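Two complexes, one shared chain (chain A), two partners (chain B, chain C).
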Partner chain A sequence: MSEEYDAVIIGGGVNGLGTAYHLGKKGSTDVVVLDKSYLGYGASGRNGGGIRQQWTSEENIKLALESRKMFEKLNEELEEDLEFYQGGYLVLSFDEEEAEEFKENVKRQNRLGVESEFLSPEEAKEIVPELDISEVVAATFNQSDGTIYPFKVIHGYANRVREMGIEVKEHTEVTDIVTDGEEIKKVKTDKGEIKTDTVVNAAGGWSSQVAEMAGAEIPNVPVRHEIMVTEPFERFLEPMVISFKHGIYFSQSEHGNIVGGIGNPDEEPGINQKGSLWFLKTFSDTLLDFIPRFSAVNMIRQWAGLYDTTPDAQPILGSVPEVERFYQVNGFSGHGFMVSPMVDKVTAELVMGEEPSMDIERLKVERFEDMDIEEEGAVVG
Partner chain B sequence: MSEKRIFDHPVLKFDRGQEFYFEFEGKKIKAYEGETIASALYADGLTKFTESKILERPRGFFCAIGKCSSCIMSVNGRPHVRTCVTQAEENMKVERHGARPKFPGIDVGRGKEIKEKEIEIAIIGGGPAGLMAAITAAKLGSEVHLFDEGSNPGGQLIKQTHQFFGSHEEDAGTRGIVIGENLAEEAQKLGVNIHPKTKVLGYYFDRKVAVERKGRFEIYDVGGIVYAGGAIENYLAFENNDFPGVYGAGGVQTLMNEEGIVPGEKVLMVGSGNVGLIVSYQLLQAGVDVAEVIEALPTIGGYQVHASKIRRAGVPIQTSHTIVKAVGEDEVEGAVVHQVDEDWKKVEGTERKIDCDIICLAVGLRPDTSFLRQADCEMEYVAELGGFVPLRTEDMRTTTKGIYVAGDSAGIEEATVAALEGKLAGAALHEELNEEDEETKRLKREAKKGLEQMRKGPYGKVPRLGVKTCTVDEEVCG
Partner chain C sequence: MTIVVCRCEDVTEEDIVEAIEEGYDELEKLKRHLRLGMGPCQGKTCMLIARRILGRETGKSVDDMDTPTARPPSQPVPFSLLASPEECEEDE
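What follows is the complex of A and B.
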């Protein structure tokens, strides 16, 4: 393989494929998407499918809001039922201090156009009657949040971009990015070399490694997060339920299974996609605190994926100071799926040299040189 | 058929316990002590047990060993119970719930704290490979625990009512079922801790084995593992191949030879390898009609001696024939077959319908390796051994530290080979965990010599090639 492309996208997850899709829509189809494994091998194929707009940072709220609107039209665009179910997100608070913050969050979200509401524990129970609210202090809820089926989105994008004439190559691992000064010259893979001057780094948990190949530095660190699925039931749970205090989230998929995860505060950073016993025990125990009747339900599978974390839990977009036309679409810190439509659109615009639809200055990697960064406070799982 | 239970069998004797009744959707169902819920329902004539998750097509009794989830129902208010591995109890309330039951209305309470138990050697699988591994390691002085899903160890041997022959002199002329019992007895005498009805759920790093017993979760912290999980039956693609009434040969054997229940009245057997031929004969022994045996290849796959037995009983064996459809409204009422030419193309004008209520598939096995994959063992596709198998050293050690493999999980071969591999793996693991000694070395040599014997000559060519492909040096294995 010795080829030439206008752009090489590294990573066959939702953001790599989504960026390819937006490039294709602009008529730029001399593009190749590479994945070292299969499509969705990384976090895109391992996440809980949550689509949430209830964030604390302005950037994340805007990205999530615009993305939700785009997800609502994505079925039609990809000609695929993506199982986007807008049963809302119910965010539970277990202490007064956090409840006060929730009030502020709702205000900010409302100001930016997200129609979230502040609820009492009793109102939360009306939405999920099975819930044990004895410890719940308050909640927020946003009806237009929901869940989507990640595999269908990934394969919907892959099918569409292939139809557009964009190449998608699985099992093709990037081994080096060759630069001359600030210019990208070629991408080396285990299957051959590709000439290009443009690279999109959408490698998720492997983004730092990819950046290093081009001589660039990004602060991303991969951290394992675990998740599980139960047997299926008739729909009984409308929203995704989450708690920052417990680090837990769970929702019911369109197939009826409960999908949920819990974060381990003591997790060592590094690339590890194995399920652990800690997760099995902790998730089960915590889930039963929320809904005791889960005691009669079997978990059928557990697995793990990587959060590509940044110091402020916000993504890194745009090119980098060291190399030209080396676009970052990474560092999503656990919410790369839900903001992908807008992020991918903006990245395609940057690649094409167009004015981006959203100002991303505060999401470029240079922000970490200043000490004044606003940390996203609503990360879960 | 009014009574599906077998009361009169030329080889097997079924000791049924006390008769009692349980409730199924408002109806009283007869069961005998020791019978599973699914067996009792099947014996009563039930064919549709649950529905598939997406298309909601009917699902019948299928694997009979708790693997396929085609028999899940609600039992005493608890949904998703595998009725084929759950014993019927008096006054139990059983109901079907289709693809998606209601969220359980009951809180059954939290389980006890999960405790980790330290053990030296875990053998996974109680077939010939696992039993021999356990016997060998125990003989050498290791503390051995053997985990098996079935009620009695013996693996597939306990379904084999036919007499074995072949090169393993001591077992020639003995029925598989007896060989299994003998091995289990020997293991017990040597102090092997046998854990029946204990399903191994998975592997956790580092060297932890998770099991389920009576609906409870247990963890074993192990020094080493011999994985002898056996094989999975291959399936065949044809229209309506998911109808209730389509079985794998393993399911039919379990139902008939362990549960003492006949699958139906008239069977079409697909596949003429030894399994297809032997199960056809077992069906005849149990008083079930076998319409035909069909085989896609131009020649019969199994031994002549087995083929002759069923031919003498009047069952035709049609080579160069394949099945294209199961006929019926939503369960098997017949099958459409036709002839194929040397290029596997349909021979026009040969299509015909066979009346039958059971289609039994005996189209080969593939190694069951999911546990090994989960434990990060490097795998390789080896057609000669039936599919993906783990890379291993000559001593059957995989690329993951402390994990050995034996039997069909290492590659599809005969039961005698499985036993020899078990012996080798058991001795090698004992050696890894202890100091070197002469007896261990001798047993390893003996097993290796036996394996060499089994794989020599023209019949041994295929496995010999296969084993060569996936056997790597100690250093490569890490």
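What follows is the complex of A and C.
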């Protein structure tokens, strides 16, 4: 294989394929998407499918709000039933101090156009009648949040971009990015070389490795997060329920399964996608504290994926100082799926040299050098 | 004649053949596209049959196919068995 493309996208997850889709819509189809495994092998095929707009940083709120609007139209665009169910996100607080922060978060979200509400524990129980609210202090809720079936989104993008004439090559691993000074010359893979001057780094948990190949530095660190699914049953739970204090999230998919995870604060960074007994026990304990009625429900599978984490839990977008035309779409820190539509649109605009629909200056990697960073405070799992 | 391959998720032989024709030509992709093997039995019944169908339709040798990773638990387990004893309340 010795080929030439206008742009090479590394990573066949939602952001790589989504960026390809937006490039294709602009008529730029001389593009190849590479994945070292099958599409969605990384976090895009391992996440809980949550679509949430209740964030604390202004950038994340804006990205999530615009993305939710785009997700609402995506069924039609991708000609695929993506199982987007807007049952809301119910965020629970277990202490007064956090409840005060929730009030501020809601104000900020409302000001930016997200219609979240501050609720009492009793109001939360009206939304999830089986919820044990004995220790709940307050909650926030946003009806237009929800869940989606990630595989359908990935396959929907892949099918549409292939129709546009964009190449999608699976089982093709990038081994090097060759540069001359600040210019990209080619991408080497285990299947051959590709000439290009433009590379999009959408490699999720492997993004910092890919950046290093090009001689660029990004601060991303992969961290394992575990997740599980139960047998499916009739709808019992409308919203996604989350708690930052416990690190837990769970929802019921359109198909009927409860899908949920819990973060391990002591997790060692690194590439590890295996399940653990710690997770099985801790998740079960915590879930039954929230909803005792789940005790008889069967768990059928647990697995794990990587959060591509950054120091401020916000994504890294746009160009880098070391190399020209090397665009980052990574560092999503566990919320890359839900902001993908807007992020991918903006990335395609940057690749095409257009004015981006949203100002992403504060999301470029240079922020860690020369700006006051605002840490996102609403990460779960 | 309709042959049901995945009994948990109601996936037929015809569904699998159609999906392979649409480009879902690996077990990992068939699994995600059709939910094949994602039900309570976790593919114990259907995966071997699906491999043979995939081999027949694509000409690939079943020995060369990647098999989806078997994940714990090996059979469905209620949360009450996994949680600490004090967390479990009687279920009606």
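As a working rule, the second predicted complex is superposed on the first by the 380 of 381 C-alpha atoms of A that agree within 3 Å, B and C clash if a C-alpha of one lies under 4 Å from a C-alpha of the other, contacts with A are read in each partner's own complex, and residues count from 1 in each chain.
Methods note: a residue touches a chain if its C-beta (ideal position, glycine included) is under 8 Å from a C-beta of that chain, and two chains touch if they have at least 3 such contacts.
Only a predicted model underlies this, so the values are computations on that prediction, with no experimental measurement involved.
> Now for A:Glu130: first (chain B), second (chain C), both, or neither, which partner does it touch?
Touch partner of A:Glu130: chain B, not chain C.
> For A:Pro292, select first, second, both or neither according to whether it touches chain B, chain C, the two together, or no partner.
So A:Pro292 meets both chain B and chain C here.
> Looking at A:His255, would you say it contacts chain B, chain C, both, or neither? Reply first, second, both or neither.
In the superposition, A:His255 touches chain B and chain C alike.
> Between chain B and chain C, which one contacts more residues of chain A in the superposed model?
Of the two chains, more chain A residues are contacted by C.
> Between chain B (first) and chain C (second), which does A:His155 come into contact with in this model arrangement: first, second, both, or neither?
After superposition on chain A, A:His155 lies in contact with chain C alone.
> Which holds for A:Phe233: it touches chain B only (first), chain C only (second), both, or neither?
In the superposition, A:Phe233 touches chain B alone.
> Taking the superposition on A as described, I'd like to know which of chain B and chain C A:Lys281 touches: first, second, both or neither.
So A:Lys281 meets both chain B and chain C here.
> By the touch definition above, which chain A residues appear in both interfaces, chain B in one complex and chain C in the other?
231-232, 255, 275, 281, 285, 288, 292-293, 295-298
> Help me check something: in the complex, which residues belonging to chain A touch chain C?
Within the complex, chain A touches chain C at residues 38-41, 45, 151, 155, 159, 162, 229, 231-232, 255, 275, 280-281, 283-285, 287-289, 292-303.
> Can you check the complex and tell me which residues of chain C touch chain A?
Residues of chain C touching chain A: 23-24, 26, 28-29, 32-33, 35, 38-40, 42, 69, 71-73, 76-80, 82-84, 87-89, 91.
> Considering the complex alone, what residue numbers of chain A touch chain B?
Within the complex, chain A contacts chain B at residues 130, 231-234, 236-237, 255-256, 274-277, 281, 285, 288, 292-293, 295-298.
> Given the complex with chain A, which residues does chain B contribute to the contact?
It comes out as residues 53-54, 77-80, 99-110, 114, 202, 204-205, 208, 210, 219.
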